[in-house]
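After this come two complexes, each holding chain A, first together with chain B and then together with chain C.
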Partner chain A sequence: MYVFLSIAAALSLFPLVWTLISATNSNADILRGTMLPGTHLVQNFIRLTELTDIGRAFWNSTRNAVVATFISIVICSLAGYGFEIYHSKAKDRLMSILLLSMMIPFAAVMIPLFQLTANMNLLNTTIGFMLPTLSTAFLIMLFRQNTRSFPLEMIEAARIDGLNELSIFLRIYVPTMKSTYAAAITITFMATWNVFLWPRIIMISPDSITMPLLISNLMAGYVADFGVIMLAVTIATLPPILLFFFLQRYFAEGMTGTIK
Partner chain B sequence: MKKLLALIFTIAMAGLLLSACGGSDDPAPAAGGDAVAQANELTVWSWDPAFNMFAMDVAAEIFARSNPGFVLNNVEMPWDDIDRLITTIGISGEYHLLPDIMLIQDQAIEVNVLMFPNLFTDLTGSGINFAEFAPGKTDFSVVGGRNFAVPFDNGVTITAYRVDLLAEAGLTVDDFTDITWDQAIALGRQVLEVTGMPLFSTYGVGASFMDVMVKSAGTSLFDANGQPNFVNNPAFREAVDRFIEMVDAGVMLLPGDWSDYIGTLAAHDVVGTLAGCWILGTIQDVGPEGVWAVTNIPRLNIPGGTNYSSWGGSSWVVSSNANVDLAVRFLNYTFAGSTELFDIILPAAGALSTWAPAAASTIYQEPQPFFGGQTVFADIIGFAQNIPDFVGGIHHYTAMDQIDIALGNIINLGMSIEDALAEAETAVRFEMGH
Partner chain C sequence: MGHRKFFKLGLTQKQSLIGWAFLSVAAALIIWMNFYPMARGFWFSLQSGVGAQMQFAGLFNYSRLMEDPQFRQTIGNTFLYLVIQVPVMIILALILATMLNDKSLKFRGFFRTAIFLPCAVGLVAYSLVFRQMFAVSGIVNTIAMGIGIMETPFNWFGNAWSARLIIILGLLWRWTGFNMIFYLAGLQNVDRALYEAARIDGANAFQQFWKITIPVLKPIILLTAIMSTNGTLQLFDESFNLTGGGPGITSRSMSHHIFTAAFQGIPQIGYASAMSFVILIFVATLAFIQIKIGDKR
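For the complex of A and B:
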């Protein structure tokens, strides 16, 4: 069993290790299939900063992902809480309709969304970037499902003690559901950090570039420098990995709906 | 401590929210229409800072000398993204978001002109002398007799060989000049036997190779009515037969994707390569210096077969949202009128022109030490003038995908060539909606 898991772990980690190693090698070394760390990390970084405005891209990605995650979590957790705690047949039906929206591929709504965003003069803006992601059926479902494990007696006790509904949500529900929040934050941050198609069509200005767009630009030349590309990929991978390591203790509990 | 952390978090979030909601980074920088207000400013979308964008920057510098105050916003955008935005803007009708000028892949010009007639400005009669460009290049951008683009880089197909390895087999590059594919395969077998190395490699399964071979005979993968013509197409059948023969003989290596193909050159796994002349930059990167030579491509052994073809490159289109007068003056002055521009970008970026007057420049005539003193650039310009006219096709990329599948079925699954081509033709017809 351990042998199998070790092989599976090695296979899973190989692309990441290869990326890290390649970030330290020259393009020629990578094309020759070098698998050992090289000495070109600094040169690759200098070339990367010459070719791109990576500082701006990193800041844009960070700002977009953090703001979109924060607002999305607030909206979706309130919605999930509301759907479960104040549930009725009408709300259940509404939830079913919301879930159906998960079946619609993004490409199908891309053109009307683009028109809407353009008409609202929100191209190249963080608001335009995050509008389609602020309320997602998946996150609402995640919060709603996990709220089913939340002891209703606590809410009733709080009401008897005189807490209003918003205070119950903020002071009892949120701290109790921190595992669910951790899972939701991880999922949303990774999704908004990595999103490519939507920003590619609405972030037209070079000032609005994000990390995935920057990497895509690097790969568009007739002669690609894979050392520089792999360094950019490494830098782009760090924030989601750090966030996951920071929240991983809660992540599994959040996904399975465990409450402590 | 917790309160302090909460305070820091609140301040940070407030700052981020304010910065996010504080307006756009640049509300409509891509809109060429806005440039009308700034009469001396153009916005351009193109890709590859070391090649296309570099050329555009040099052009802007040259134009600015006689047009003080001229500003060029050179926006980097990979071709796939330009293609996606063109489609999105074309369908949504938000033409005001287009820049003044865009770089577009040659094979994509016709399909976009036909799909979105209001997307590009018709440049016929604009004062640009299109007769000065190679016919094999302007064939891509003439739709219904109208010119829709100013040609840029040269997609002339070349072969480049390692003369030191050829010498081991007792051959020279002259043996590979003006030959047929049958002769090339025989010579390839000879080289393979002595050096143990294949003659060529290519990316994918070879669809682009097929396209180049068919074009070299002045024919197309589509008939005059725009229908796919795979099964009853002697040029295509000859190309497929020779390609499969090369693969079976070990003369052609199929490493995988583009980077794997470049890897075969970097690792010196092949004796030569056949590609657009833009491959010269890569060859100079991988070296070694002094042992490479360039010549024309083998021809199909059929009536009309020639040793010249085009791999395709890219061209500049003026959008319908452009400051048309300024955009046309700019392109006419630079990419269709400045030998100085091409003199700068040729040695610096390896960007060859299809604009005939550029070939008269002394730089084009200079021997290149890397290629053993061969006047490579003059030779390639000479090749460009011999590329036969060919019929394009708005479903080029669909055909390429299906040909790759067909070749994969033949090479990997042992499917008969007849069945594979018939299946590919049917699939293309289906995707075209027939």
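For the complex of A and C:
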């Protein structure tokens, strides 16, 4: 058992460790198959800034992901709360229709979405980037399922205290549901930070490039320096992985509520 | 007037209306960004022509794609990834989850985090890492030659089958831990006494796995099977970044093929839309079959 788990853990970690090691090595050392951290980190970084506009890409990705995550969480948590707390037959029916949207492959909507975005003059913009991902049935469901365990007495008590419905949501519900919000933020941030196909279609101008586009271009541009590419991959991976470690504890809790 | 009428509504009706208001933005966005484009996409798929010159063509695009060897190739590739990767991944994830559910296991937290970590990496990022690892002068060839398995470096991306194999390996690496976490969460709800009783009755580890773990996790297995099927049928990032779909188009996925038809070179909007509807039909059909099978057992 330990042998099996150790092999699984080693195979899982190897590509990640190798990426980090490669980011600090020169191309020649990587080709020699070195497995030790090197001293080329700074040179690789300088070369990377010469070859690409990584500062801009990092900023674009950060802005897009932060704005999209924030708005998405607000819209979807409000909806999940609305579906569960004020539930009725009609609302349940609407929810099951919305859930069907999870079965629509992105490929089936990307062409009309591109035209829609272009017609609204939203190509190369954050709004155009985030519109298709702001509201997802998955996120609504995550909040709806987790709201099931929310004590209704707290809402009743707040109503008696004279709070209006929106204040109850903001002041009572949001603070109590921290772990659900943490899980939702992690999932949404990771998705919006890493999304590739949609920005590949609408972020046409070099000024609106995002991190996944940058590393993809770096590879396609036949930059034959493994160290530089691996450093770029590392930088592109850091923000979501840091966020994940930061919120990991809550993440598992929030997800468990969803599959109950 | 409207204001006064609003106050005449009963309390529950008022609250129901507030509920509708809370969910309206999210619902409207899903309809606008999913269902509406889907309907438009279907309308496009009935038209033919290049660029802006479009005319109604009925089912012409659909009859054309039935005989398109390129599209068939990408369907074949996508289904190959699906039928190999999804079952292997689910079985691996189940075994790992069962092992990690053992409370007496040492380094449990380490193993769990290590195996889960790959799914914190973006799809493009890991595709590029795998591409580098399996490059002719990459680390995999270096290690294989170092321990004497191979004499000369192997060109993994120069051969259709090895290129497809690497996509499958990549998918397994990226997603097994993700599924494992779902199963682990599901196993938390299982009464330990159940396993205790089985052990006293003389059931071995395999029987416990087959008779207790699998039935208890069935709904979650179904959920992950549907999610993975859905995800693999839409495979794009790996095809585009890991193998580039090559050699030729021998490892290209359906989504990658549609992207090429719609956005690279002369846009074939009608034809690409028809192809994208084929994916939609596959996803819907397979989800339906899986739910039916899940209900029966």
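Following the convention adopted for this analysis, the second predicted complex is superposed on the first by the 248 of 260 C-alpha atoms of A that agree within 3 Å, B and C clash if a C-alpha of one lies under 4 Å from a C-alpha of the other, contacts with A are read in each partner's own complex, and residues count from 1 in each chain.
As a convention for this text, contacts are C-beta pairs under 8 Å (C-beta built on N, C-alpha and C of every residue); 3 or more make two chains touch, one makes a residue touch a chain.
The shown structure was predicted, so the numbers you read here are calculated from the model rather than taken from an experiment.
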Chain C versus chain B on the shared chain A, clash or fit after superposition: clash
Touching partner for A:7 - first (chain B), second (chain C), both, neither: neither
First (chain B), second (chain C), both or neither touched by A:152: neither
Chain B versus chain C as contact partner of A:110, first or second or both or neither: both
Which of chain B and chain C A:240 touches, first, second, both or neither: second
First (chain B), second (chain C), both or neither touched by A:216: both
Which of chain B and chain C A:98 touches, first, second, both or neither: second
In the superposition, chain B vs chain C on chain A residues touched: C
Partner chain(s) touched by A:226 [first = chain B, second = chain C, both, neither]: both
Which superposed partner A:169 touches (first chain B, second chain C, both, neither): second
Touching partner for A:120 - first (chain B), second (chain C), both, neither: neither
Common interface residues of chain A - those touching chain B in one complex and chain C in the other: 31-33, 110-112, 114-115, 197, 200-201, 216, 219-220, 226
Residues of chain B touching chain A in the complex: 13, 16-17, 19-21, 23-30, 47-51, 75-81, 84-85, 88, 91-94, 97, 259, 262-263, 266-267, 278, 281-282, 285-286
Touching residues (chain side chain C, partner chain A) in the complex: 15-16, 18-23, 25-27, 29-30, 33-38, 40-41, 44, 92, 95-96, 99-100, 102, 105-106, 110-111, 113-115, 117-118, 120-126, 128-133, 137, 139, 142-143, 146, 173, 177, 181-182, 185-186, 188-189, 220, 223, 230, 233-234, 236-237, 240-241, 244, 254-255, 258-259, 262-263, 269, 272-273, 275-277, 279-280, 283-284, 287
Chain B-touching residues of chain A, taken from the complex the two chains share: 27-28, 31-33, 51, 60, 63-64, 66-67, 70, 110-112, 114-115, 118, 121-128, 130, 197, 200-201, 204-208, 216-217, 219-224, 226
Residues of chain A that touch chain C when the two form their complex: 1-2, 4-5, 8-9, 11-13, 15-16, 18-19, 22, 30-33, 75-76, 78-79, 81-83, 85-88, 91, 94, 98, 101-116, 131-132, 134-137, 140, 165, 169, 190, 193-194, 196-197, 200-201, 212, 215-216, 219-220, 226, 229-230, 233, 236-237, 240-241, 244, 248, 252, 255-256, 259-260
